[in-house]
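These are the structures in question, set out in turn.
The same chain A turns up in both complexes below, where it pairs with chain B and then with chain C.
Moving on, here comes the complex of A and B:
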């Protein structure tokens, strides 16, 4: 035992890179929503890639360390405090037995990641430690942390030499409360009228309170579908198509109002037309937006999406090397 | 007497009543005890009760019913 949960925060879950490769049985990947912040946390504490950490949403927990540990907090500006003293983010920190990690109010972004040297040692379920709360599997007992929970930390050896390492300022993201997310238009965008596609791309959408690990719902415009006869196998709503798979990051618009971006814990397929997909790199940006923030969607080609992904991988390799 | 505030712990939508049919938890000028609910914040499909941390009188609501709030925002002034 190494971490005792004194207060759980609003929604604190164990996450890793996710349970990928199980779409065939309808299992979404779960996993850290902001992959960049989560991974960099592991680099800071010297973990293997894929070690489990905690994803902290909007309001932080209060965690007592029952043995000394090497930790890092990355992601949202949710100022960490050790025994009440403010501590830096994006930097490797040492905590001693009995130290309490707590957090001040959220200043920007939405999700913080706590990395602990050795990783959070919960049982592996289907090659991942990520929590999928809807079904209640993975992570710590398949649910968000609760008061009184005790988490084991994996064996790490002495990592005290890492304390004080920090991510170069150039690599620390600044989170906007009105970001632009790049999307690839498709797979069922043909269902939208051309005018409505322009409306979708020109509207400044607002993140509603229904924005979580399953989906982010937006408000701000109304979209219309092309009139058609209901095909065999599709539902009656104009937004319905014959069931197909939903990529992570895909955007559906049930009823023509309130587009929903599907996230890591979303249903893997269904019968709503998906009009576009947020590119993988920008899902990290989405993960750092919060209820009442603004968002715009910009159409890009596959080339730009892949280039952004390559660039992100180079950046992460650079950070990893600098912290090695 | 020093003014205190009750803050929203998380972003969301602020509600002054437990449900649309009920009256507000507390009116301006009303008194509250530590632990009393003064409103709700809705986010991620849940409603979170916002409680007074100490006894006092509500001098002013700084946010209206069903308004958007951010984390750390002052909701109510207590004296």
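Moving on, here comes the complex of A and C:
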């Protein structure tokens, strides 16, 4: 045992890169929603890529270390405190036996990541330690952390030489409360009228209280479907299609008034028309938005999405090298 | 715009962001289009192309998750278009399949309690889901509707929504297909193993949760076993596979309880038989072919 949960925070879960390759049985990947912050946390503490950490949502937990550890907090500006003393984010820190890590109120972003040298050691379920709370598997007992939980930390050896390493300021993201998410329009976008597609792309949407690891719902505009005689198997509503697969990051518009972006714990398929997909790099941006934040969607082509992806990979490699 | 149209009149190839390729073979559901989706995705699996992470056949479409750093979406799409042509109208295509006896109790107390609780979200608050579905499909009585519903077996055409949930399309001619709208507004609760129906599809809800399908009954046996305690789940936490044939068989409360008891003491195993499914025969004369399939399943039953 190495971490005792004194207070769990609003929603703190064990996550790694995710449970890939199981989409065809209806299993979403779960995993850290902001991949960049999560991975950089691992670089800071010298972990292998894919080591499990904690994803902390909106309101931080209070964690007592029962043995010394090397840690890092990345992601949202949710200022960490060690024994009540403010500590830096995006920097490798040392904690001693008995130290308590807590957090101040959220200043920007939405999700923080705690990386611990050695990784959070929960059982691997279907090649991942990520928590999928909907059916209660992976992570710590398949659920968010609760008061009194005790977490083990994997073997790390002496990593004290890493303490004080810090991510270059140029690489520390600033989180906007009105970001733009790049979207590749497609899937069943033919179901929306041209005018509604323009409305979708020109509206400043507001994140509703329904914004979690399953999906983010937005309000702010009304979209209409092209009238059609519904095809066999689709069901009567114009928003319905013959049930099909939903990519991660895909956007659907049930009822025309609430676009939903599907996230890491989402349903893998269903019968609502999807109109496009948030590009993979910008899922990190989405993960750092919260209720009442604004969001715009901008249509991009595949080339821009792949370029953004390449740029992100180069950036991560640079950070990793600088911290090595 | 990211959609890429093909020369085929109906298939739409589209990027699902940078990590998915989504192919809608047809807007309308039919057995034939599902056979095509399965044939194409089966061929794709055999090719074991590097960079492919998930291959997900669905009802009238399919989806492939890729690592675009390894496999460019356009290269995959080119190959998929070739596979589409190779598959053609699936003449001669066969499917290694299983026919499975799936007990289901119609009008059980649990889904009844649920559907009554959510009447305000339904098209017809004064009828049950089953009465409503029977009426709008032109059946004189509820029993006639149940007879049609359980009178012919079903093809598992897609797995998803949540782990293990099978979408099933009935192996009957198009004019006999049952069609029922989903709830006007989805329920916030559905019991585990509820037997539901929406659009043209029958499902067994693998876990408790939200849902918008009409509720007709409940299955005593699970389709998902996360702990893998039952024999049918030794290789996978999920029982159904695309291409399975499910014969939903009506059971009374007594048999329901008996199956539940066997599930509880971990001795339950689905009655099932492996067989080679011939889609062209099913399309040609579904009822005659269904008889043969069910003979495979129940033939040795005294």
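Simple rule for what comes next: the second predicted complex is superposed on the first by the 324 of 324 C-alpha atoms of A that agree within 3 Å, B and C clash if a C-alpha of one lies under 4 Å from a C-alpha of the other, contacts with A are read in each partner's own complex, and residues count from 1 in each chain.
In this text, a residue touches a chain if its C-beta (ideal position, glycine included) is under 8 Å from a C-beta of that chain, and two chains touch if they have at least 3 such contacts.
None of these values were measured; they are calculated from a predicted model.
Participant: Mind checking chain B and chain C on superposed chain A, clash or fit?
Facilitator: Because the two structures are overlaid on the shared chain, the partners are seen to fit without clashing.
Participant: Touching A:211 in the superposition: chain B (first), chain C (second), both, neither?
Facilitator: So A:211 only meets chain B here.
Participant: Identify the partner contact of A:185: answer first if only chain B is touched, second if only chain C is, both if each is, neither if none is.
Facilitator: second
Participant: Between chain B (first) and chain C (second), which, if any, makes contact with A:10: first, second, both or neither?
Facilitator: Only chain B is touched by A:10; chain C is not.
Participant: Now for A:240: first (chain B), second (chain C), both, or neither, which partner does it touch?
Facilitator: Only chain C is touched by A:240; chain B is not.
Participant: Between chain B and chain C, whom does A:174 touch in the aligned arrangement: first, second, both, or neither?
Facilitator: Neither partner.
Participant: Considering only the touch criterion stated at the top, classify A:277 as touching first (chain B), second (chain C), both, or neither.
Facilitator: Touch status of A:277: second partner only.
Participant: In the overlay of the two complexes, what angle sits at the CA centre of chain A between those of chain B and chain C, given in steps of 10 degrees?
Facilitator: 110
Participant: Who wins on chain A residues touched, chain B or chain C?
Facilitator: C
Participant: Quick check for you: in the superposed arrangement, does A:313 touch first (chain B), second (chain C), both or neither?
Facilitator: Touch status of A:313: second partner only.
Participant: Just the number, please: smallest Cα separation between chain B and chain C in the overlaid arrangement, in Å.
Facilitator: Between chain B and chain C, the minimum C-alpha distance equals 11 Å.
Participant: Which chain A residues lie in the overlap of the chain B contact set and the chain C contact set?
Facilitator: After superposing on chain A, no chain A residue contacts both chain B and chain C.
Participant: In the complex, go through chain A and note every residue touching chain C.
Facilitator: 20-27, 126, 134-137, 184-190, 231-237, 240-245, 247-250, 267-271, 276-280, 299, 301-302, 305-306, 309, 313
Participant: Show which residues of chain C lie in contact with chain A when the two form their complex.
Facilitator: Those in contact with chain A are residues 1-3, 12, 14-20, 22, 24, 26-30, 53-63, 65, 68-69, 72-74, 158-165, 167, 169, 174, 177, 179-182, 198-201, 206-207, 209, 224, 226, 236-238.
Participant: Can you list the residues on chain B that touch chain A in the complex?
Facilitator: 7, 9-13, 42-45, 48, 68-72
Participant: Sort out for me which residues of chain A touch chain B in the complex.
Facilitator: The touching residues are 10-11, 57-59, 104-107, 209-212, 290-292.
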